[in-house]
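Next come two complexes, and both contain subunit A; in the first it sits with subunit B, in the second with subunit C.
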Partner chain A sequence: MAAHTSQSVAKAAGEDDLARGRSRRTGSRTEGSSGRNRPGLGQVISKHWYAWAMVAPVVLVLGVIIGWPLVRGIYLSLTDANERNVARTIGVNEIPATYEFVGLDNYTAVLADPVFLQRLVWTVTWTVACVSVTFTLGLVLANMLNRSFRGRSFYRMALILPWAVPGFVSVFAWRFLFNRDNGILNKVLEGGGIAAVPWLDDPTWAKLSVITVNVWLGVPFMMVALLGGLQSIPGELYEAAEMDGASAWQRFRHITLPGLRTVSMTVILLSTIWTFNMFPVIFLLTRGGPGDATEILVTQAFREAFVESPRDFAGSATWGVLILALLMIFALVYKRSLRKQGEVW
Partner chain B sequence: MRRGIAATALVAALALAATACGGDKDGDSGDKKAGGELSGTVTWWDTANDAEKATFEKIAKAFTAKHPKVTVKYVNVPYGDAQNKVKNAFSSGADAPDVIRADVGWVADFASLGYLDRVPAETAKKVDSEFLPQAAASGKFEGTTYAVPQVIDTMGLFYNKKILKDAGVEAPKSLAELKTAAEAIKKKTGKTGLYLRGDDSYWFLPLIYGEGGDLVDAKNKTVTVDGPAGVKAFKAARDLVTSGAAITNATDGWNNMQTAFKSGKVAMMINGPWAVADAYAGDQFKDKSNLGIAAVPAGSAGQGAPQGGHDLAVYAGSKNRDAAHAFVDYMTSQEVQAQSAKELSLLPTRTAAYDLPEVKNNEMVQFFKPAVDKAVERAWIPENGSLFAPLQVQYTKAVTGASSPEDAAKAAGAEFRKILKGWK
Partner chain C sequence: MAGSVRKRGERGPLASIGLHGTLVVASVVAVFPVLWVLLTSLKPAKDAISTDFVKDPTFDNYRYLVEETSFFTWFGNSVMVAAVTTVLGVFIAATTGYAVSRFRFPGMRPLMWTLLVTQMFPMAILIVPLYNLMGQLGLLNQPVGLIITYLTIAVPFCAWMMKGFFDTIPVEIDESGRVDGLNPFGTFWRLILPLAKPGLAVTAFYSFITAWGEVAYASAFMVGDENLTLAGGLQTFVTQYTANWGPMTAASVLIAIPAAAFFLFAQRHLVAGMTAGATKG
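Up next is the complex of A and B:
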């Protein structure tokens, strides 16, 4: 059913347009107005004024908290704004803005810098690693918790716990655990006669550590979403499959996975976007270190804007816009590939 | 018609919400001299560390005894976040402090951005005549005094006298001696010789000074960190770690350093007077005389440590500037400096304070005063504080072996030239 609609949309966009046009014409004709193809703006407002009034607050809020910063960010990325030349008011002194429009200079500078590629490669590695491990673990746990056994609700609660703790609290707790000289993890290893592991002091270990923490934080969401998906798969399918003598693996492969497809596609997309921009885990755990080994794109943007001084607002905005562009491309490609597979999204 | 009523209600509700949002912000900003008397609230952001903050809070609150109508609000901001937090507060003006304790490296930066109020002329004159000249210089930007020096410091080699005695070694005078001493310490006591701070590039300064170099040459507008001395300094840092003479961390360095030194896991650390109060709180130093102090080990070209310290400055947007300046005067007065020297072993910035018995007789002051006198003064350029963030990335990489000393020096130089536009 779903496949059918989406295919028709994709296949016959022109036809669709035509149909819409037709209905519009019919609409205006029945109303008996001037007979133009398009109703005037005033007419639209007067007809649906109530709907506009209801939508207005949301549009306004979104415009203020998302639209304006976005436009401002894009504009700043085309200037040479930094801490020393933006307008600021200090007590009675008003210092006017003196930054200038520089066109695409910031973009050429960032893209020509090898740092961008380094950060991008690690960001992609980190995203793919985190999402795949989180998804696999979430799937396994959801399947385990979908059976009935004693204490199931206790386990469900326990596994959701990481989600209930504020992110920064968990990250700081992990930071204490990971401390090489005084952390609990190394104390335990020491008890077992294993030399201290430089969890956050060695570039490779630090990368593993940040991924571990992010997986730990992300699993509950995956698990809950997939558990919901599992419960929506009708039990009769499994019964029928069992009657036909399908093995456990076959049932999983041919009933569970297809049944979870819509849910998993959505959670993978969300998880990818969140992980790509997962600022707190990286920043609070390693601050992008050791050196710059775990610096992802967003933390780099933050570094430009707030860590280094003079604060480079233009450079940071450039990184921000590039991140946005990358994620939009990803979402488009993802959407298209889903459509090919016949999913509505 | 019912629709009309609903819509009116909606509009009214929205209007109400809008007015509620724009509630009044500035309740009281009562300052001014009501009949010549200072009043109002002075908010002070202090960056003192955990071992020092109680004392400073006590001293700051005592200001009220002199000016009963002034309330002092003491806020402790961790040093690591302070530069950022101050900039956020100063640039937006919201909840900005009236007085800040600024690292000497930040003053020119804040002043160049227009955030700081000039020190009143009389006080500025006193700063020039009564304070140590190198301390007074740190509060100036383009010839104008923007901050009053509160404390001055430099670095030294802290050592655990008992461990060194057990190992039969003297406090090392150079990096070479330090390595042999560390070997002896390891052999005889099983402890590590030195904790080398790996996550803060300030600890790189004694190393590069020891090789006869500096980060930049401000006179000739040249970046020198990537010169031969810089490469040697990065090498020396890495060598201390690979030879086993030192342990280091890429994160949580301060806590790990203090814990390791206080619990006797390491015999030595390089640190400044700000660490004395905390060190005395450790198990190893219950008997204060066990804490020894010596000059920072020399590199191949000599011995050098950076001159640091903290200044007090008033926010240009402060609503209570008169009281704020009076508070700064009080906090930098001779009696307060003597008190912080006595209780926290921090070094006064007033020349005359060193003649007071409680200052003169403090063992830490006795060591640090001559050390400060020959400490290396940094160039007081606005970018001073900006150099540490990019340098830290390279320093950590070099210390942990993630990149070679040559690459680290080269990358640091490239980053510096991005900040110091037009420099060689």
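Up next is the complex of A and C:
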């Protein structure tokens, strides 16, 4: 990754407008020594207006639809807003909001509650289990599909299928399979003389079930991304290694894995974030149950605002902010550890 | 090396069996849940829970959907929302990706960071304020409201992928366009975009799937039978006919078909597109 960008920068270093990012930082010293000052505002605008115009739609949409609600969400987490005291309309009467600013009370309440630790432990377990299993399976399957043999494109189509089906449909399909009395899984087990498994009704089984479904949903993305990565590793490397007598495992360990580093880092980061916030699987499959066994942080936040009565908007926002904070810390640590290993993005 | 000498890359029979065996098992696991729903939808509703693979095949469940529910209205709403999201999403992601890939401008690094960070936002923190905002803008129950929301989900990831993709297209092509007198927009539109077709196919697929399969916002923002999209429509259905698996499975099949069709169209490009996108991040 780093090599690529610096290469293209080097290629385009002479170009006036193109690809100046890193060349600016590295080249600024020489520019400075030649006595050129910081460009004026007009110059900056005339130079960059193309780029700004092209990113403007994204900035606008993100700003309005994510920026504002985020600020408001953070504000709500500092109040005692709930269903009873927010502004609302009953019939013709408009009732103004009466909730008050309470500072960090919500945070101390949530963090002091043992429920938070319980949810956090399960959420982390769920994320680590899902991401590691998904990654391993994706890697194995991608390696298999990267060879040439008959029926390869058929297998590939079949294996990507779970990605092509909308999530809520797949989750519905799995509920159907997991059904305790009538689901096919239990019918098959019964046929084999094994007692029915309470897939979604027993805390431990429910945890395994939601992880299974999420892995099933996540493998295709992982596989396709890693397959792409595998195809970008030059075949000559393998030939050379084979000439030198490297075993299959050695080739995998010393060529494939390093070659997949950049792809892996991106997909692991993304899929960790996605899994951490994976609302639909848990909510549609178990609603966080049985009891609260499979409740992750996100479904907890949703429950506070939309399921429990009275709806606790402030509490929900507090959980939301805590989730965001945890993920940002994770991303920063992840990025720092990558940088230590010489990767930059 | 006893016996016959194998060519490089050739497998022994044992390895071949292992390879195909593993792939067959994996494929069955991947396909079975979907296939089972398809088969169930073709059984008479009263036999939905039978374990026979095929039993008195019939289209009754589908006929029921079409005749007794507003399925086609929901379907039309979903198609409209997903199609507009896809077109706008691809266009916005492409311009952003191009700008980030080719120009170095003040605010670029924060923008890249923002695109990543938006992936981290739990929808739980946004949904209440967003609901209020949509209410103030008069966009509740309007497809436009949903489209804008979906764009915020799809575009950041797509822009990232497009950036990676544009990074693989040599800068010399831009330069030659500029020399020939095209402005940056012209270069982008006429030269680079046609070269980025695989990337566009992947982002289109991603945007479509996002908009087609989203549940939480769709059910929160849209009310009233004639405004619902499929995700919301199906939910009214569940509460009405709780134990009625038959029509549910038929609806699932009809919902999965457009997504799968789109996927077939895009899948040729999927691996190539992901390579560029994912490797360069």
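Here is the rule we use: the second predicted complex is superposed on the first by the 287 of 345 C-alpha atoms of A that agree within 3 Å, B and C clash if a C-alpha of one lies under 4 Å from a C-alpha of the other, contacts with A are read in each partner's own complex, and residues count from 1 in each chain.
Note that contacts are C-beta pairs under 8 Å (C-beta built on N, C-alpha and C of every residue); 3 or more make two chains touch, one makes a residue touch a chain.
All values reported here derive from a predicted model rather than from experimental measurement.
Of the two partner chains, subunit C is the only one touched by A:M265; subunit B is not. In the superposition on chain A, A:T286 makes contact with subunit B only, not with subunit C. Within the superposed three-chain model, A:P57 lies in touch with subunit B and with subunit C [touch as defined at top].
Judged by the touch definition given at the top, the superposed model places A:I194 against neither subunit B nor subunit C. Look at A:S309: by the touch rule set out above, it reaches subunit B but stays clear of subunit C.
Between subunit B and subunit C, it is C that contacts the larger number of residues in subunit A.
In the superposition on chain A, no contact is made by A:V333 with either subunit B or subunit C.
Of the two partner chains, neither subunit B nor subunit C is touched by A:L257. After overlaying the two complexes on the shared chain, residue contacts for A:I95 are found with subunit B alone; subunit C is out of touch. In the superposition on chain A, A:W274 contacts subunit C only, with no contact to subunit B. Contacts of subunit A with subunit B, set against its contacts with subunit C after fitting on chain A, overlap at residues 50, 54, 57, 179, 182.
Residues of subunit C that touch subunit A in their complex: 8-9, 11, 16, 19-20, 22-23, 26-27, 29-31, 33-34, 36-37, 40, 49, 51, 92-93, 95-96, 98-100, 102-108, 111, 114-130, 132-133, 148-149, 151-152, 155-157, 159, 167, 171-172, 174-175, 183-185, 188, 209, 212-213, 215-216, 231, 234, 245, 248-249, 252, 255-256, 259-260, 262-263, 267, 270-281.
By the touch rule above, subunit A contacts subunit C in their complex via residues 1, 4-5, 8, 11-12, 15, 17-24, 44, 48, 50-52, 54-55, 57-59, 61-62, 64-66, 68-70, 72-73, 76, 137, 140-141, 144-145, 147-149, 151, 155, 157-170, 172-174, 176-177, 179, 182, 184, 187-188, 216, 219-220, 224-225, 227-229, 231-232, 239, 242, 262-263, 265-267, 270, 273-274, 277, 279-280, 284, 297-298, 301-302, 305, 313, 316-317, 319-321, 323-324, 327-328, 331, 345. If you check the complex, the residues on subunit B that touch subunit A are 3, 7, 10-11, 14, 83-84, 87, 90-91, 93, 109, 112-115, 117, 198-199, 247-252, 255-256, 259-260, 265, 315-319, 383, 385-386, 389-390, 393-394, 396-397, 400, 402-403, 419. Touching subunit B in their complex are the following residues of subunit A: 50, 53-54, 57, 83-84, 88-93, 95, 175, 179-182, 198, 200-203, 206, 286-287, 289-293, 303, 306-311.
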